[in-house]
Amino acid sequence: MTTQPTAQERFLQGIIPENPVYRQLLGLCPVLAVTNNMKAAMTMAGAVLFVLLCANVLVSLIRGLLKPHLRIVVFTLVIATFVTIVDKFLAAYMYNMSKALGPYIPLIIVNCIIISRCEICASKQNVFVAAADAIGISIGYAISLASIATVREILGTGMFFGFRVLPASVWQDWVIMVLPPGAFLTFGLLLGATNWFSAKKK
Amino acid sequence: MSDNVIQVSSSPHLSNNVTTKKVMIDVLISLIPVLLAALYFFRFYALKQVAVCLVSALFAEWLFTKMRGRKASLSDCSAAITGVILGLSLPATAPIFVSVIASFVAIGIGKIVFGGLGMNIFNPAMVGRAFVMISFASLLGAGGYKDMGACIDIISRATPMDAFKQAGIEPSMFALFFGNTNGSIGETSALACLIGGIYLCIKRVASWEIPLSIIITTIVWSAIAYLVNPAENLTVMGHLFGGALLFGAFFIATDPVTSPITKKGKLIFGVGVGSIIMLLRLFSGYPEGVMFAVLLMNAITPLINNWTIPKAFGEK
Amino acid sequence: MNYIIDIVLIAVSAALINNFVLYYFVGICPFIGVSRKVDMAIGMGFAVTFVITIAAFLSWAITTFVLMPGAPLSSFIASFFVSKEMASQIDLTILSYIVYIFAIASSVQFVEMYVRKFFPDLYKSFGVFLPLITTNCAILFACLTIMSHIVGVDNPEDVWDLGRALSLAFFGGIGFTIAITIMAGIREELDTCDIPKSLQGVAITLIVAGIMAMGFMGFTGVDSGLKKALTKSSIVEQNKG
Amino acid sequence: MKKIKDFYLVQAWLILIVAIFFGAALASIQIVLGQKIEQNKVNEIKQRVPELVLSTTELEKLNAQGASLDVEFTTITVKKNNKAKSYNTYKAKNADGSTIGYVVKAGGQGYADKIELLFGLDKNAEKINAIYILDQKETPGLGNKIVTDKWQNQFKNKPTEALEVVKTGAKNTNEIDAITGATISSRSVCNIINSAIKDLKEPLKNR
Amino acid sequence: MTITKKGTFSHGAHPKEFKEYSENAPIEFINSPSKVFLALSQNIGAPSVLSVKAKDKVNFGDKVADSGGFVSVPLHSPIKGEIKKQEKFTMPNGRRVDVVPVEGGKDDVQKDTKEIWNEMFGGEWDFKEVEKYSSEEISKLINEAGIVGLGGATFPTHVKLMANPKTPIDSFIVNACECEPFLTTDYRMMLEATDAIIAGTLLGSKAVNAKNIIIGIEDNKPEAIKIVSEKAKGTNIQIAVLKTKYPQGSEKQLIKATINREVEPGALPSSVGAAVSNVGTIAAVAAAVIRKKPLTHRVICVTGSGIEKPKNIFAPIGITFRELIEFCGGLKKDAKKLISGGPMMGFAFGNPDTPVIKGVSGITVLNTRDAQKETETNCIRCGRCVDACPMFLVPTKLALASRKKDLKLAEKYKIMSCFECGSCAFECPANLPIVQLIRAGKSLVMASKKK
Amino acid sequence: MEPITISLASGTMLIMAVIFSYILGWANKTFAVEVNEKVEAINNVLPGANCGGCSYVGCNDYAEAIVLKGEDVNKCTVGGSGCANAIAEIMGVEAVESAPLRPVVLCLAKNDEKKGMNEYKGETSCLAATFVSGIQDCVYGCLGLGDCVAACDYDAISIKDGSVTIDYSACIGCGACSRACPRSVISMVPFKGEKIYAVFCSNKEKAKAVKNVCDVGCIGCAICSKKSDIFEMDGNLSRINYDKFDAMENPEAFAEAVEKCPSKGLIGYIKNPYL
């Protein structure tokens, strides 16, 4: 049998080589939905980090007790609980952001990234590795969200993190970028670009 | 014996000498009446618009094919059509940067990413136009068409479709037919569109099924709408000559690449385009729906092709 | 009459104007993953539509009867222990996400078993998609949307009943089916196209989806337009009647 | 005989325990945070009340004092086409209990999606004091200009009769200038206000 | 005799006719060459089996090979001479076949070609003689004469012209369309061997017991229509004048145009009660049955813009293309492409020393201008190919599916129904080699079927 | 109040969990799918290129064939012997030493060595070109139109002057090129030892016919096969028997056979790039 990667490998792999968005193409709905500005994207990434970290750690702790046919249920239960917690925290302490993200926070429950990490890593390896994996993957996820959000926010509103970077006097916003078509087009082209770069590197 | 190197190839060894380039040049010829009308009504605005789009479309085609490492494909003239049709579908007032972005998007995202000529699913010009229309809605929405400061009178008026939708002002049929109204520079003259369009159909460059079925569908729906509620709806003639209907039906919906290949498919396509145009004109937030109707039906075209495979000769 | 118009408008909006995939970005995974062949896409579309409707029914019922503040079932049970007043304030909405995901998972399981048992042929053609659906956010999204129209609505008139909930879910599913089928048609066509290597596969699919989304933006406002037209004609009708 | 291990529920003991535990945990979180969330929702509206019922000078004065207004929340239900319709209204009172004005929450279809807004009325419900858009999804750059102060300021001191949107230069007191390129959004806002005022004018006056 | 007008089929193409090169050139007679090369597989079906050995002497008309099965024919020597060692040649259709050379020595006196023509087709014909032969006798004599379809398909004619109780045939159609541009072989036959054609038509219909006897001629050949209908007076032959359109001469389209029946894909004409034969074939049938002459010579039209003096030549089978071309004054300086057959269906070849087989109805030589192929672009999905395809297929899809080797797609679009007429590629503005791609696709489909 | 909420919440969750675990338990039992552990294990070992080099549709197919049909363990050309050993271990059998199969192009004629070349207009595809006669006289030789190039997913093939070159550093031995070649010019050969010999011609005809069409072809004189039994005549064409090559008894005879071949350069070798 192949040996399981170490904590460090897990951490590093999650960022680029196994990037959940550009490489594994998992959990694309929020990637498209919340990337019309950086703030929302980063909040989303934070929420994913929290849920993934908690779920990975908890699953890893109870991995000895899992029955094969029931493990997915346990994962779901764990994930759904943590997502509810994040959601309520946002509603309590970042009310406006919570309103802006709307249903996409609860949709983390069905985000395949988390369940696949529980399955691939947490249910097989120890807490330490699982945590490293969660952080690595979350950083990878955050980088991906940031790349898309940067393009969309700057072109779509002339701003970055809410600060104006392209002066309104000369810049006409490309409104389409913050609307649904812009999300698809930006991600599609960025994905093409990453494919091109990695092919070239080889 | 012969001085030549003998050539071998597969049959047939004759061809009717129609080439892609000739087809495309025929389209450009058919656009001449429309261009003349545009120049007549919009003067240098039209010249500027078409020239900017044409040049940037050609440049984009050259640039992107080069980036792909392919031979330059300017000589097939299809990029020129994209440029001209795009220019004609923009308002006289659209600033230069809008035209340039539209051309680049049209050629880049509308065409080259799919593999260039013949491979694209969506009409490149309409992809470009939709992109800028959604991006710069204030410049290309109805408000954008009006420019009080313009030195050409018609540009300071509201577009007829919009005037009707907003204020219920009945357009003059005479003006709609000949074209001295505001609007996208190529669409205003129904007469010019008809002349060019009929030339296209006679030359078999465009299939007559598409414009015909679009026009008939539009007539049917607008007649129904008018009969149900004459007070609030434009007449059949208004729908037919107003907006971009004829321009779209003859020059845009007929793009062979993005419309179905079989006769039956073309009829279905036309009925679809006509129906969506009327749905959007009657109910949507926009005064006009040609562009969206064409894009939506382009998307369905592969399915239409798939579902209208003709029965082979003798097949039961 | 007004009720029917309401249902129709919810349907049009869910299927076309605010298409689940192209406007709300939910169900992207199957939209990209299962859109390579038209027949597969249609199978997936109908499977989703079916499950989404069942899940919507379940979540509507659970929310209305158990979870929302003052829901009949939970306040009935609570009234054994505390005063009626207090009991009607019991608020279990915090459980909603968990309950929904379980409702979805069990309806998928249930549908799978039912179809396998009674329609083995059907199972062969679309059963393979069922497990995938559990992690399809379109379903959970529909449940959440329904919830947002039940809990925390100012005006009791605006609280959704079952009919509205099912209209949203069913036509949301139909909208998904339309989008994925169109996409599959296009992707079959793209197989014979000369797409740059780095754009092949998912990237070009996303770009096509972007252009489709532009097209679907044309429907913006059709619901208000329809509403205006329909209410007007129904007023005419009422006057007659 | 079946072994205990073969019973489904026994196999699932972990799930059952986790379920109970999580249920309890979540309920506790609800108890802790629920209040705060509710507060957020109410505050979002309540903190707007002063600026919606007071004039600018009054508002500055109030802020300088660091005082706050007394706000009373009521739901008013009116009959319309044989159907009940409820409005959330907020009555602002001085410290002495005298009414300053009312804030009404109303909503309706905009260009793209629902628009939700607040508007403030004077104490006799005869003049609009100001409006505030709570929620809208109009097109950025066009319809979403309804959130700009410049446009909203037109509503100051408009009489509570049917407002009308005009495209070129408002002349009459009941006219509002449309946002160029977004007549529909502009009209939607006015329609929402018009219909709420029509429903509420009498009930508010009578209170 | 009756004449019907304007029958046709739907779709198809309208290539320029180019018949002017050779239509007014009377049939000429080439001297027998000293060496001929007889390909052993000249027909569809099993190859013929050599019945002589190297160094054997044969005389004019002697059998050199036996029929190799039911769907096969014997082969006769067109000259007097000695059998040589077998060789291999690449035929214009790309097949590599065994060829047996026959070489006439110095003392072998060759029969005059003109005399052979006279014996086969000339002189007086008495149509009453037809009555003397029974259906079976006719088939047998056809078989012995080694006749294959001269319209190009080279299907053994005795198989086609044989009464079969399982598939009764009520219509016998003679294919005199010659819809290929340039070629005038059949046209000259109709003008110069009219009697033999009428006799052959009657024999053919008798062989299959058909009541309906039709000769289908395109309306661009008024001379031929005139003379054939004159000679057919007093018989029950109908002349069907058909619209000039490519591929009017294709079997299925001809049946549709004349008797309005549609042959299902993959089925034979006999499934709708029809049999179709080319005029040249039918003349050879007459010569075989009534004059007992084997098929050793045929008329070959050498034409095109790259030929000095286009001619219709009565020539021995097995003569090389080079000899025929030289008989016509050779190639012009700007000749670019040699085609065995017409330009629509014919095969281009590079080696003029290849021998002619029974199915070669003509040689078309195109000059540089006519052979010019415009540069290929991507398909613009214009649908012209769809509007041209007489089989109602979607050629562009077939071509693209073949190019991508997507056999499922190709079969979904019914690739095997294509008979490679070339109407699609003729019309295509993108100049896609549609037919070539379809051929490749069909070969892949067949290979996958075999597996 | 609070205890009630908490217990109601827990209760609701419990009921759900019960229902759900019941359904799942039942489903698990009713629809248990037999997963063959060995197949899984082999799947993990196989490289997952799904290239078809093993003559199965994909890696999984091959894994199943090994377990269920007793297929040999050394068919994976990509994984090579390491992979074969791993599979052998799983299956508990002895791995037969397998040399990697690599493509060799059995036609060396460059454009100027091919006779009867005519100008060809049409689809740039060898398969399509086989339907046009007269492109070149030899109907067995490489057409140089690159179906093999297109078939190779690893960019290992290039064509210059009508002659095909394989870049063995990029080639993984999937055999796609060999399957794509309509003229069967590319043969998959075991790469073993320092030099891999081959007879670089595919023309099956007799001497005269070959001489007519090609200067460097195999004329079928059979001298080589008379000298050494490593060579076997396939009709008029000489072929090397690689099974015998490994255990060559008489290397001198082989050397002599190579020496005596009248077509110089016809029998040649490729230096094993993997040593």
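Which chain is which? They are A, B, C, D, E and F, in the order written, and residues in each are numbered from 1.
The rule we apply is simple: contacts are C-beta pairs under 8 Å (C-beta built on N, C-alpha and C of every residue); 3 or more make two chains touch, one makes a residue touch a chain.
This structure is a prediction, so every number in the text was calculated from the model and none was measured.
Student: Treat each pair of touching chains as one step and give the shortest count from chain D to chain E.
Tutor: Shortest path length, in steps: 2.
Student: Please name the chain that ends up farthest from chain D once chain centres are defined by their CA atoms averaged.
Tutor: E
Student: Give me the two chains with the most inter-chain contact pairs.
Tutor: Per-pair contact counts point to B-E as the maximum.
Student: What whole-Å value do you get for the distance between chain C and chain E if each is reduced to the mean of its CA atoms?
Tutor: The computed centroid separation for chain C versus chain E comes out at 65 Å.
Student: Compute the distance, rounded to whole Å, between the mean C-alpha positions of chain C and chain D.
Tutor: Spacing between the chain centres: roughly 27 Å.
Student: Give, as an integer number of Å, the spacing between the C-alpha centres of chain B and chain A.
Tutor: 41
Student: As a quick test, compute the distance in whole Å between the mean CA positions of chain B and chain D.
Tutor: Each chain reduced to its C-alpha mean, chain B and chain D end up 45 Å apart.
Student: Can you list every residue of chain F that touches 2 or more other chains, as numbers and ranges?
Tutor: Residue numbers touching two or more other chains: 5, 8-9, 12-13, 16-17, 20-21, 24-25, 118, 121-123, 128, 131-135.
Student: For chain D, jot down the residues that touch at least 2 other chains.
Tutor: Touching at least two other chains: 11-12, 15, 18-19, 22-23, 26-27, 29-30, 41, 111-112, 139, 141-142, 184.
Student: By residue number and range, which residues of chain B touch two or more other chains?
Tutor: 6-10, 109, 113, 115-116, 119, 131, 134, 136-137, 285, 305
Student: Line, ring, star, complete or other: which one describes how these chains touch?
Tutor: Chain contacts: none of line, ring, star or complete; other.
Student: Run through the chains and report each pair that touches.
Tutor: Here the touching pairs of chains are A-B, A-C, A-D, A-F, B-C, B-D, B-E, B-F, C-D, C-E, C-F, D-F, E-F.
Student: For the complex, which residues does chain D have touching chain B?
Tutor: Chain D reaches chain B through residues 111-112, 139, 141-142, 167, 180-181, 183-184.
Student: Going by the contact rule at the top, pick out the chain D residues touching chain C in the complex.
Tutor: The contact residues of chain D facing chain C are 22-23, 26-27, 29-30, 34, 41, 75, 83-88, 105, 109, 111-113, 184.
Student: Can you list the residues on chain A that touch chain F in the complex?
Tutor: 1-2, 69-70, 73, 77
Student: Can you name the residues of chain C that touch chain A in the complex?
Tutor: 22-29, 32, 94-95, 97-98, 101-102, 105, 134-137, 139-141, 144-145, 148, 196-199, 202-207, 209-211, 213-214, 217
Student: Quick check: in the complex, which residue numbers of chain B touch chain C?
Tutor: Counting only chain B, the residues touching chain C are 68, 109-110, 113-116, 119, 121-122, 127, 130-131, 134, 228-229, 276, 279-280, 282-286, 289, 291-293, 295-296, 298-303, 305-306.
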